[in-house]
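Below, subunit A partners subunit B and then partners subunit C, in two separate complexes.
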Partner chain A sequence: MSKQINVALIGNPNTGKTSVFNALTGLNQKVGNYPGITVEKKEGICKLPRGVKAHIIDLPGTYSLNASSLDENVVIELLLNKNDKDFPDVAVVVTDVENLKRNLLLFTQIKDLEIPTILAINMSDRMKYKGISLDIDYLEKQLETKIALISTRKSKGIDNLKELITNYKELSKKPCMNASLIDESYFNNLRKAFPNQLLYKLWLVITQDVNFGKTDRKTFDKVEDFKTKSKTDLKRLQQKETIKRYQFINDALKKGQTIDLNSAKDLRIKLDRVLTHKVWGYLIFGIILLTIFQAIYDWSSIPMDFIDSSFAALSEWVKNTLPEGAFTNLLAEGIISGLGGIVIFIPQIAFLFLFIAILEESGYMSRVVFLMDRIMRRFGLSGKSVVPLISGTACAIPAIMATRNIESWKERLITILVTPFTTCSARLPVYLIIISLVIPEGRILGLSYQALTLMLLYLIGFGAAVGSAWILNKILKIKSKTFFVVEMPNYKLPMFKNVALTVLEKTKSFVFGAGKIILAISIVLWFLASYGPGDNFNNAESIITQQYATENLSEDELQQKIASHKLEHSFIGIAGHAIEPAIRPLGYDWKIGIAIVSSFAAREVFVGTLATIYSVGSDEEETIKNRMAGEVNPILGGPLFNFASGISLLLFYAFAMQCMSTLAIVKRETNSWKWPMYQLVIMSAFAYIVALIAFQVLK
Partner chain B sequence: MNTIIQNILVFSALTLALVFLFKKFIWVPKKKTTKACGTDDGCGCH
Partner chain C sequence: MTLAELKRGQRGIILDVSSIHIPLKLLEMGCLPGNFVELVQVAPFADPMYLNINGSHLAIRKETAIHIKIETTNE
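Right after this comes the complex of A and B.
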């Protein structure tokens, strides 16, 4: 039977740790959360030589074992807990050859926990460009480890790394540094008080008292013959520890690493000068955004049309093939139409994430964060708010959780409150379908009106976030200031495998996350649209037949009238008519009203809901877009989705707080219902007023 | 017969959908917190 070993991948951010993880696991990976918290957990399986299997866990990036965020705590908690099922048999510390000195700090700390540790030096292909040479044998001796010189970009050294993992039992467990050197008398007392325990582990428990359950520093006070120190003194000792470690690292690198600055060809400085320039930087970013939105439209139109017509044909096929009845109708009109409403957007979502992944992989995204920091400061937010706001373009939920590294509570609260304004991927289906219905297909300077509208909506969302942050900043009176440090990684060509895996993972989570909700809501909506109370619904056929007895209607026309009458008197029709007076001034009918109410669960449900409602009772094979385009405004006449009502809807969705999950996460992060309720009421009221003004002005 | 089966399937699907939505948005089970770690309490830290 083959043995499975636990391998933990650990490293500083931007060392290519995830690339190593992808290189080792390929598609045998899954993404989840650590129990009880929302930090992402990536794990996978890797086949090693001689039939050994490795369970690889990609731990969150951390600069040291002195945790300051929830992500970093995950690393320490795992490394200290031998009973954890993921406790590593071997740790692989991934480092960047260009930042070896800084990266080795974490390595020495892990080594001191007496866990077998391999040092993987990544990006070795860049050594000749940077004039770096390494004496591997010397470094292995000094660091008491085995070194794998790898390049995930060139797929070099991975086999050697696998071999070293397989032979992990041969690795030395000897620590790099004697922990007592930090403060001899203090550590001697500690050793006397806890004679059977590893000194460096005890030190970490004392200094990292945040997430260690029952034990915090006070526990050590209760032990006789041992007196712990004040927080300030402990901080001083931590600083001393860092200095000692760097002394050790400097000694090792003095002979082990040589850097010939004359042969270093640094394109990075030249690129940074342009890409972070106060004029060119913004201009280039603007051009990149325009290109992205144009490409999203141009490249995805063919697969989208294909998916749309395929779902329409599938729905028709189900109706014609399965025996007639309620369940067949549910499948054809409810489930298939509802799912079609989400699957159709896969190409556009995938392209959006493709571009985001390329920008991140290339190192450009950090420059964007730097550029945005300049703007954010003027509105009273720190640069740390930029990361949540930018990641909010994917989803507000992880973005709100990403605010945890903002130390100032007021700045964090403001960021939490304004993040839902940024255009998340759930808004995208709503925007795309409405834009395609109400914005003409023409072009200006090679850019389509539709792509420009989409980009404008993203800018409106970002502008609303920044503007409301400015107002909140004035109201909440922020006094404390935080510092902002962003690491600028080297520019590099994006790796196809990493980009492909990111797109796959993000698209999958969008489709399956939203898909389950849409499927369930489609079933409920179909039921509510297909059943109704009273004679008006049950005797629809006789009522309509009598009503139009004198008119010479064809069979199709009569069936259409009956279906329409039934829908109006179904449960959903009754509910829709009840809310219609509130939404009519915005240019919407009761069907749109139902879609807005149901999309409170998740914004993307809007399209699926309309697809389901418009499908009920319809015998024709029609695409979602055609069905929506064919809807007539019952009061004003003309298309229901015209320029005025379309813009009104776009603005409503740009500003409204239409996401239950976001409200739940805001409640959890602020530990109060007060803030999500403010958010809900203010954002919804603002969205209603803006949509009302837009429709009344444009109609 | 066909009508009865189809209706049973519809109501089963509806029930499943309602239970799913209820569990997703209304009744969220409490998750276990991370295991305590520190003293020699058998947590494996020592």
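Right after this comes the complex of A and C.
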């Protein structure tokens, strides 16, 4: 077996690092987590010339090795730990040709760790447009590296980069800057105390607030003298280091890079004049949101109808083809119905992820942060909270992780606490099916009532998030420094490959993640609904036959009566009846009650659960929607899902905290069970009260 | 004067940054004495400010901008 080369991709955010990763690995990539933390770990395999293989790891984007977040810590921890199995043989620092000066800061830091480093200058297709020319030979000499001039957009230079990776052993390990220039006497003392260690590495360990390999920390604890510098002093030295690095970079670029401003064109200025405008900016943002919701609704209805009827047909086919028995019933009624409840929402979820990916890739999301900061601050949030709140419409879990770049702890905590109010894709199945049952079809100004209802529900979610943030801001007494720095990247046409891979990856993990839970719950529910204790369940046939002996019922009607009698006296029926008093004032029957209880594990279980419950014992295989439409309210008569109970359910799902994974992630990010428990109790109680009022007023 | 007083479209040179009040990240993005700064766009109430500092485009809040001393250049 030939040895694999470990390659680490490092770079500032917005340099196209992930495009380089996609260009190198294609579909040979997987996304996981770093052990013990929720930072995404992307790795892949790349075939290099002459049969060599490279293991590529795409490290989180960072502006420097001075970490200020969990994601950035990952980069430093890896680069300082030679024993890590992912420790790079070669680092590829990805830079944007338009921001070379700033991007090189990180490059010089990596070089000073004496790791073989390749400088990949991306977006080279923009050079002519921007009037930039580079003296590659000169820069390679000054920066002690090899340069790959690439353009992932035009697929240029990738082969050259692969060639450089293959020949990584020829790279110089010479540092760019003598670290001891920062403070000579201090660094001389360091050198005496740790003669075998790299000075810059020691300096990083001293200045970072992160946990490094235990050995490093302990060695410092033994030598007390080196901790005497105060935090302010250290920060001053870091500032000095930054200035020194920029001096070095400026010197290198003075001769190595020329920019002809006359031939430079700037689309950014023109676009930003409109997109960040005081009036037009907000108007355009509103139109974009409206378009997205209308599109999600309109575009996905055809594939969804197709999936719904296909699963119904599949279930019927299984029942008719396989020999009769418990296993066939489990397969047809439990598993296929349950899975159908999740597969049906793939089109909508994929569209949602698609739009979010486009907003992020194009650079527009940063403009939204800029536009919204002042408004969000009134509610104790940051402009950066907009990103979690918008991506929370896909899933609260990545959204809560996306709060990590909010600098102030108070703003971040509030964002974490209120993000679950935004309508995540798991609520979508519930909303869609209920909307289609209780909201009439029809259009106003080209927008369908149903799409508008959906949009309204999203707005209610945002409103609840912002409103509760305002309250939390008044209640929480946390003092924390507020910093706000956000990069405004260049506008870019989103690259198809990047967007497609993101949508594929996210949809896949949603379907498999949720699918596992739904499958398990469907099976459990099927058993609970198919078996029951006592005579009432076991002798259902004789009881019903006797009861209706005098009424001339057809065979079909009799079977129906038996089936529903059985369901009522099954384990699940008994449990459902037990909680019915609590939910009847909301307009729900015991079947909905079961669905609500099981969806505290994950909201999307709701539809699957109802599908499973309704299909148990029914002979004809119908679509989920038709089955729900046929349900009759046992007390009030009329359809069970009418306007009042439908609105009540929608509101319940809009506010209730029903997702175990979100609670787990909140626990992890806030480091305490206190916050997730508050979320669970307060949100759910609020949901109950609102749903109660809605039903009582509307019925 | 401070950066907070810069008008839209105006340019200046950074004279001093108060390192206690300024996050290191901002310095790393080029907010250092001697570098130029231009106010590209302001949000309502002139906050936050969308700047071009030394070729880097970024937005910061007014409360941070008051800790950066600048001098306008005549252009």
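Rule of thumb we're sticking to: the second predicted complex is superposed on the first by the 663 of 699 C-alpha atoms of A that agree within 3 Å, B and C clash if a C-alpha of one lies under 4 Å from a C-alpha of the other, contacts with A are read in each partner's own complex, and residues count from 1 in each chain.
The definition used in the following text is that contacts are C-beta pairs under 8 Å (C-beta built on N, C-alpha and C of every residue); 3 or more make two chains touch, one makes a residue touch a chain.
The model shown is predicted, which means the values in this text are computed figures rather than measured ones.
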item: Contacts of A:Pro489 with subunit B and subunit C, given as first, second, both or neither; value: second
item: Partner chain(s) touched by A:Val318 [first = subunit B, second = subunit C, both, neither]; value: neither
item: First, second, both or neither for A:Ile288, with subunit B first and subunit C second; value: neither
item: Touching partner for A:Leu181 - first (subunit B), second (subunit C), both, neither; value: neither
item: Which of subunit B and subunit C A:Phe327 touches, first, second, both or neither; value: first
item: Which of subunit B and subunit C A:Ala500 touches, first, second, both or neither; value: neither
item: Contact residues common to both interfaces of subunit A (with subunit B and with subunit C); value: none
item: Residue ranges of subunit A in contact with subunit B within the complex; value: 34-37, 77, 80-84, 87, 196-198, 201, 205, 211-216, 219, 323-328, 330, 516-517, 519-521, 523-524, 527, 601, 660, 664
item: Complex interface listing, subunit B residues touching subunit A; value: 2-3, 5-7, 9-10, 13-14, 16-18, 20-21, 24-25, 28, 31-46
item: Parts of subunit C lying in touch with subunit A, wherever the complex brings them together; value: 19-20, 23-30, 32-33, 40-41, 43-45, 47-48, 50, 54-61, 63-64
item: Subunit A - residues contacting subunit C, complex; value: 63-64, 66, 68, 98-99, 101-102, 105, 232, 235-236, 238-239, 242-243, 246, 268-269, 272-273, 276, 278, 366, 369-371, 373-374, 383, 407, 482-490
